[in-house]
Amino acid sequence: MILALSTWPEIEAWLSRCKTVLIPIGSNEQHGPTGLLGTDWLCPEIIAHEAHRRGGDILVAPTFNIGMAQHHLGFPGTISLRPSTFQAAICDWVESLSRHGFERIYFLNGHGGNIASIEAAFSEAYAKYSFAAKSCPFMLKLRSWWKLPGIGSSCDELFPSGHGSHATPSEIAITQSAYPDSIKKAICTPQIAATGPIRDALDYRARFPDGRSPNSQRSRLPVRNPRLIAHSRIDRDAPLSIIGGARAEYHRSSTTNTIAACRPLIRNRSC
Amino acid sequence: MILALSTWPEIEAWLSRCKTVLIPIGSNEQHGPTGLLGTDWLCPEIIAHEAHRRGGDILVAPTFNIGMAQHHLGFPGTISLRPSTFQAAICDWVESLSRHGFERIYFLNGHGGNIASIEAAFSEAYAKYSFAAKSCPFMLKLRSWWKLPGIGSSCDELFPSGHGSHATPSEIAITQSAYPDSIKKAICTPQIAATGPIRDALDYRARFPDGRSPNSQRSRLPVRNPRLIAHSRIDRDAPLSIIGGARAEYHRSSTTNTIAACRPLIRNRSC
Amino acid sequence: MILALSTWPEIEAWLSRCKTVLIPIGSNEQHGPTGLLGTDWLCPEIIAHEAHRRGGDILVAPTFNIGMAQHHLGFPGTISLRPSTFQAAICDWVESLSRHGFERIYFLNGHGGNIASIEAAFSEAYAKYSFAAKSCPFMLKLRSWWKLPGIGSSCDELFPSGHGSHATPSEIAITQSAYPDSIKKAICTPQIAATGPIRDALDYRARFPDGRSPNSQRSRLPVRNPRLIAHSRIDRDAPLSIIGGARAEYHRSSTTNTIAACRPLIRNRSC
Amino acid sequence: MILALSTWPEIEAWLSRCKTVLIPIGSNEQHGPTGLLGTDWLCPEIIAHEAHRRGGDILVAPTFNIGMAQHHLGFPGTISLRPSTFQAAICDWVESLSRHGFERIYFLNGHGGNIASIEAAFSEAYAKYSFAAKSCPFMLKLRSWWKLPGIGSSCDELFPSGHGSHATPSEIAITQSAYPDSIKKAICTPQIAATGPIRDALDYRARFPDGRSPNSQRSRLPVRNPRLIAHSRIDRDAPLSIIGGARAEYHRSSTTNTIAACRPLIRNRSC
Amino acid sequence: MILALSTWPEIEAWLSRCKTVLIPIGSNEQHGPTGLLGTDWLCPEIIAHEAHRRGGDILVAPTFNIGMAQHHLGFPGTISLRPSTFQAAICDWVESLSRHGFERIYFLNGHGGNIASIEAAFSEAYAKYSFAAKSCPFMLKLRSWWKLPGIGSSCDELFPSGHGSHATPSEIAITQSAYPDSIKKAICTPQIAATGPIRDALDYRARFPDGRSPNSQRSRLPVRNPRLIAHSRIDRDAPLSIIGGARAEYHRSSTTNTIAACRPLIRNRSC
Amino acid sequence: MILALSTWPEIEAWLSRCKTVLIPIGSNEQHGPTGLLGTDWLCPEIIAHEAHRRGGDILVAPTFNIGMAQHHLGFPGTISLRPSTFQAAICDWVESLSRHGFERIYFLNGHGGNIASIEAAFSEAYAKYSFAAKSCPFMLKLRSWWKLPGIGSSCDELFPSGHGSHATPSEIAITQSAYPDSIKKAICTPQIAATGPIRDALDYRARFPDGRSPNSQRSRLPVRNPRLIAHSRIDRDAPLSIIGGARAEYHRSSTTNTIAACRPLIRNRSC
C-alpha cells in the first residue's frame, strides 16, 4: 500500500490490522559521472514500491529524499540538510506517524552517510521519553538496502571487484533497471576510484575529482568488470531480487502482528 | 530536466547557461474521503514533470514532500514538520543550491498551509545576508500552482460551486489524471464541507469530521457539480492545461537569462 | 484596561469575566524620509490604547515592538529579529498568557512583513498540541489594523493615489496624530516610490534608495495628494475613526463571552 | 533623541557624531498588590525618556519590555520569555544596531531577574567573534537603574526599612510619579514580605502569596515607613533625581566620543 | 561518595537516604603564565573530592569541566562552550539527575565567568515547569568555592594585595597543592595585572597580554607578596581549609534531609 | 602532555611542533551490578593518561565525560546529554581547538552508544565549511579504544565467552586496574546477560533488569570465565597493553608532523 496514494480512511483501516510503516530514506547527491543524483533515494523507493507491486503487504510512506550529503556539496546538484536539521525532521516524521498509532517505523535507507545521523535521530526521539520516564510508544528500525538478506552475496557475485561504497555498480544498476531512459555513459578514469576518509566538501572534491569514492578494495581484488562502473546496466530483474529481502525484513520488524497473506496484486509503477 | 535523474556534470552544464531551478513543494496530509494523502505534493510534482515532458526547458529538483500540516494530524496518514523544522530544511535546500551557483530558486507550492512558513523561511534565508551586510546571491520565488496564469478561471469554469480551499475538486482531478489507478469513491456528507478557522488538530477534526474544509463559498453559490467532490475524475488532459502557466511563470522568474528554444522532447513519466 | 498599568489582582478579576487579550505587534524599521522608525508598532499601540481610552472594554497587553524587518537593515535605526527568534518569542508570549487562562489572544498587527512569520508562529504554538493529541486551550487571531472594518475605504478616500504598502500616508498620519511634535518634513523624490519584490537588505536599499516601497499603484492612478506623502498630517481625529473597528473586531474574536457594556471611561494617554 | 520617533536619516546623522545607543530593558511581571505589572520595563523607560526630556544628549531605543519572569508565571498578567528566547532576541537587537555602526550599546535594566540572562546573551554575542578570531565591533554595557550613581543612598534615605528587592517602594514610586492615574491601593499583610530563594512559579506563589518578595531586611531594621509599601507615592520629582546618574553613566560608556553640550530641549512625554 | 566510582545499586541506596548531589563545575581556560589551564574545574573537583576523602557524607558527580570561556579563546588551550550550548548541557544534567529522584542539585563552581550562564540555565530548567504550571521536583543551588564560609578572610590574609579575580594566587595555590608536579614558574610583568571589562577574545588578549586579569586592587593596596603571583605555592594544607566550608554548605542546601554521621573514611585520590 | 595541567605558553609551544590533540570521550552510565558508572569515560582517560605517562609524545585534552546514554536513564547515576546537545558541545570543543591551530583532533571513545552522535557531530562541524565553500582547517578522527590495534585479539583471549558489548569484562578490568579501591562484587544472574535492541529507558530496564546488556555471543560460545563478569579484576598490567595501540593510532592520525622521540617521562597519576 502506497501511503501517498491512499486516503486517510484507508490508512485508518490499515492501522486496525498492522502498526508498521516503511519509510524509504536517502540522499540527493552526486554519484560520479554516470550515477544519478537521486540514486540514494531512488534505490530504497524503487525497492519498496516494487515489493508492494509484487504483492507485499506493506505500507510505504513518502520518500525522505534529502539527507546528509555535506561532503558532496562541491558537486552541482547535491542537496544536503545539516545533520541537526535532518535529525529534527526525522523526529517530526516519527512523531507524526506515532501520533496515528504506528508502533513500528522502519527506515529503508539508501545512503551510508545517513546512518550515523539517523541513529542519532532515533536516540533523540527515544530521549524524549527516557528523560520523562515515560514508555515510548514506538520502535524504530534502520536498515540499509544493501544489508538486506542476500544482497551482499549478490553484489559479490555481480561485481567481484571495485564495488566500493559510493556510486557503486549495484546501486547504479538498480536505478538503471527502473529508469532505463536515464542511463548515462562516460569514461571513468581511473576505472576504480581512490579511497580515503570523508571530511568537508572542498577536501572531498580535491581527493575525488569525479565524485566516485571511497573504494577500499582497489588493491586487493583484480578488476574484472570495469565496464560496470562506467555504464553498469545489468539485467532488468537482477537487482530486484532484493525485493524479497526487503519485504521479509519489514515483516520481521513487526513481531506482534499477524500478517495477511500477500495477494499477488501487481500495480503499475507508482510515484 | 529532472535533477534527480541527471548526473552532476549534466547539472554543471545546465548552470553554464541557466541559474534557475524549480522545487515542487507540498504536504502529505489527509484530503477527505476521496483525496489522496499525497495530493498537495503530487500536484506540483505532476505539473512540473509534465511541463518538462512537454518540452519545457526547466530544471526540476526533487519534491519537498512533507510540509506544514499540524492541523491535519488528527487524521491517519498525515505527516507534518513543525514550522521551525520546515523552515530550517528550506534554508538548507536553498543554501545547497546557492552553493552551486543557482541564483533563482522557484518553489512551486501545492499547499496553502505552507505559504506563511515558506515566506518566513525566505526571510530567514535572506536575514543571514542582511545582518551580515552582504549581498545575497539568490532570489527566492514562491508560487502556488493555483495562482498560475489561467488556473483561477479554469477552476471557476469547471467547479463553479463548492471548490473550497482544501481537498478541492481541482487538485483531486489533477491527481486522478496522473494516477488513474488510485481514484477513490466515497459518499460525502454534506456535499460541501463546512468552513471555519484553522487551529490545532483536535479542534480541526471536531469541526471537520471527514477532513474536507474550509469552504467559504457554501452560502453564495448554488451546488451544481456535487459529484465532482466525491469522485471528480475529469478529462485526463484538462488539469494539465495549467502546465503552460507553470513553465511561463518559471521563466518569468528568470529575467536575465536567455532561454534556449524548448525542444519537444517528451519523456516517459519520471519519478 | 492597560495590562502594564494594572496589578495582578486586577488581571485576575478581568479573567473572571473575560478570556480575551489584545497584543499590539509591529516592527521598528525605516519608513522613508518622513515616517517614524516606530511607525509599525506605534500604530497598533495608538489604536489599541485609544480604543481603551474611548471606553472600549478591552485588555491591552504591552506592545511587541520588534518584528521581522531584515530587509530594512540597510537603513539606520531599523531593529529586526530573525524570523526564528520572532516566532519563538511569540510562542513564549502565547504560552505565558495561556498559562493564566486567556483563551483568545488577538494580535493587532502594524507590519505587513510580520504576517507570514506570525502565522508560522501560530502554527508552531498549535503544533505542540497537535503532535501531543491534546486539546489546545487557546485561539489565536491575527488582524492587521488596515484590515479592520472601514479602513480600506477610508484610505481610498483620503489617499486615492500612491498609498502603497510601506511608509504609507495613512500610517504616517496615525503617528502624526498621536505624536504631533514629531512630524517630519522632507522632499521626496520621486513622489511615489518604486515597486518590486522584497529580498535582503542590500538589494532593498539599492532599489529603494530612500526607503519608501513598494508602491504598486504608481502607473494606474493619478497623483492627487502628493503632499500627504511628504508630510501627511491630517486631521487629528481622522485616523482614529478606525478605533471602532478595532474594538468591534476584538469582541468578535470573543464569541463565547458576554461583554459588559463599555463605560465611557476616558483616561489620559498611557504608555 | 527617541529612536522610534525619529527617521532613518536622523539616526544616520546621529551616528556621524555618536556611536552610543541606550536600550531600556525590563520585564512585565506581577509586582504585588499595588505594583504595576509593567513596573520593571516602565522604570528604565521613564528614566531614559526623562533624561532625554531634560536635555540629555542620548539616543533611546524602543523598550525591550518582556524579560525573564518565569518564576512569576503563577500570577496573572506576567509575560515571560524563556531564557533561551530572551538571549536570542538580545543578540538580534545587538546585531541590528551593530549593523548600523553603533559601537556602544548600553542596556538600562529594570529587573534583577534579567541580569544573568542578559550577561549570558552578551557572552553569546561576543562568542560569535571570539570563535571566529575576529575583532568584535561593539561593546555591551549592562546597568540596572538602581545601581546608577546616587540611587542607593536615595533609597536608603527614603525607605530605610523594608525596601527589599522585588516590588520595592522605590520602583513603585517611580511608576507612580510617571503614571499618577494608575496608583493602586491595597492592604499588604504582612507589611514586609518574606524572603527566600527563587525557583519555579508554583514554588514562588506558595511562598510569596501576594507576590511581594524577597525582602532580606525584615529582621534587621525597624519598620518606619510601611505606607510606602502599600501606596508609596512620593514627591513627583524625587525619583527623577536619578536621571542625572543615568545620563552620566550613559556617557561614561562612551569613552572615545565628544559629547555635544546638552541643549535644554524638554519635550512632551513620548512613548 | 564518588558517583563515577560507584555502581547504580550504590546510587539507588544513596537515594534512599539522601536526595542531594554535588556537581563540580568550572572551565578550561588560560590562567596566565603560571596557572594551569584546568584551574577552574580542578579547584572545585579538588575541594569536593577532598571533602569526600575527609569523611564528608557527600555524593560527588563527575566534573563539568568545560564552561563559558569565549573571552579566553585568544590563548591556546582554552576550550569554551557557547553560552547556549552550556545552558542546554546543564539542563540535560539536571534532568538526568532529577529523573533518578535527586531533589537538591548543588553546583560547586570554579569560574566567575560561568555564573551568569549557570543562573540562566537554572531559569531555563525551572521555566519548563513554570510554563506548564507543574511543580518542579528539584532545587538548584550555585556556589562558587571562593564564596564558601571562611574563604574570603583566608584569601585576604594570605594575599593581602593583588589577589584579583582571574588566575588568582588562591586558585593557583589550590592546584599546586593537589598537583605538586605541575607547578610552573615564570616572570610576570607587571607583577599585578591590569583591570578592565571583559568582551571578546581579541579584545581581551590585546588588553591582557599574558592572560592575567582583571585586578581591581592594583591602585589601592601595596604589593606585599608578588612572588605569590608568579609561583604561589603555599602550604599543602592551607587551601584545603575550605573543605569544611564546602561540606557544610552542601548540607545546608539539604534542609529536609537527615544526614548520617560522617564516617572518617579517607580514600586515596580519586579521579 | 596533559592539557589541563599545562599553561597556555606550554600549549603554544606544543603547537609550534605538533597540531594534534587527543580528547578522551565517553559516557557516565550504569554498567551493571559491578561496573562503575564512570566506566565509559574512565577507560579512554586511563588509556590516554597512561600512554602519556609511559612517554607518549601526545597532548591529552580534558575528558568529555557525559555522552549519549538516554537508554540507561532508568538506572540511578546515569547522566545523559540529548544527542542534539551532545553534538553542539562537540562542535564547540572542535571550534575552540581549531581556533588555536589544532588541525587533527582525535577522539578516543569509550562508549559504543556515542559513535553515531559523534559522527553526526563531525558532519555538522564539516558542514559549516561545506555550505560556505570554504576549506575546513581541521580533520576529525574517532576511534573507540576497543578498536585499537591488538585489543580485539586480547579480549578474545582473555574473555572467550560472554564479552558482550556493554559492561564488558574488559572495560571493567581496565577500571579495576586503575581504581583498585573501587572494585565491586555482586552475584550476577544470569551470568551472561540477555541481548536485544536498544530503545528508550523504560524498555531497556524492563528487558535488562540489572543493566548488563546486550550480549550477542550467548548462544554461540561456551561460558568459560563467568567470574570475570562478576568481579573481573585481572592483572594490573594486562589492559594497559592497549596503550601502545592508542599512542600509535594517535600518531597515525598525524600524517604531516614530525614526532619528537618519546622520552620515558613517567609521571604520577594525573587527573
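Chains: A, B, C, D, E and F, in written order; residue numbering restarts at 1 for each.
Here, a contact is a pair of C-beta atoms (placed from the backbone, for glycine too) under 8 Å apart; a residue touches a chain by one contact, two chains touch by 3 or more.
Computed from a predicted model, the values in this text were never measured in an experiment.
Contact with both subunit C and subunit E is made by A, D. The chain with its Cα centre farthest from the Cα centre of subunit B is E.
Taking each chain's centre as the average of its CA atoms, subunit A and subunit F sit 31 Å apart. Centroids built from CA atoms put subunit F at 56 Å from subunit C. Centroids of subunit A and subunit C (each the mean of its C-alpha atoms) stand 49 Å apart. Residue positions of subunit B touching 2 or more other chains, listed in rising order: 73, 80, 82, 84, 96, 99, 131, 133.
The complete set of chain-chain contacts reads A-B, A-C, A-E, A-F, B-C, B-D, B-F, C-D, C-E, D-E, D-F, E-F. Against subunit D, in their complex, subunit E makes its touches with residues 68, 70-71, 73-74, 80, 82-84, 87, 113, 115-121, 123-124, 126-127, 129-131, 133-136, 139-140, 197, 199-203. Every residue of subunit D that touches subunit F in the complex is listed here, in rising order: 131, 133. Listing the residues of subunit B that touch subunit F in their complex gives 95-96, 99.
For subunit D in complex with subunit C, the touching residues are 2-12, 14-15, 28, 30-38, 41-42, 45, 61-66, 73, 75-82, 84-85, 88-89, 92-93, 96-97, 99-101, 179, 181-182, 184, 186, 211, 267-271.
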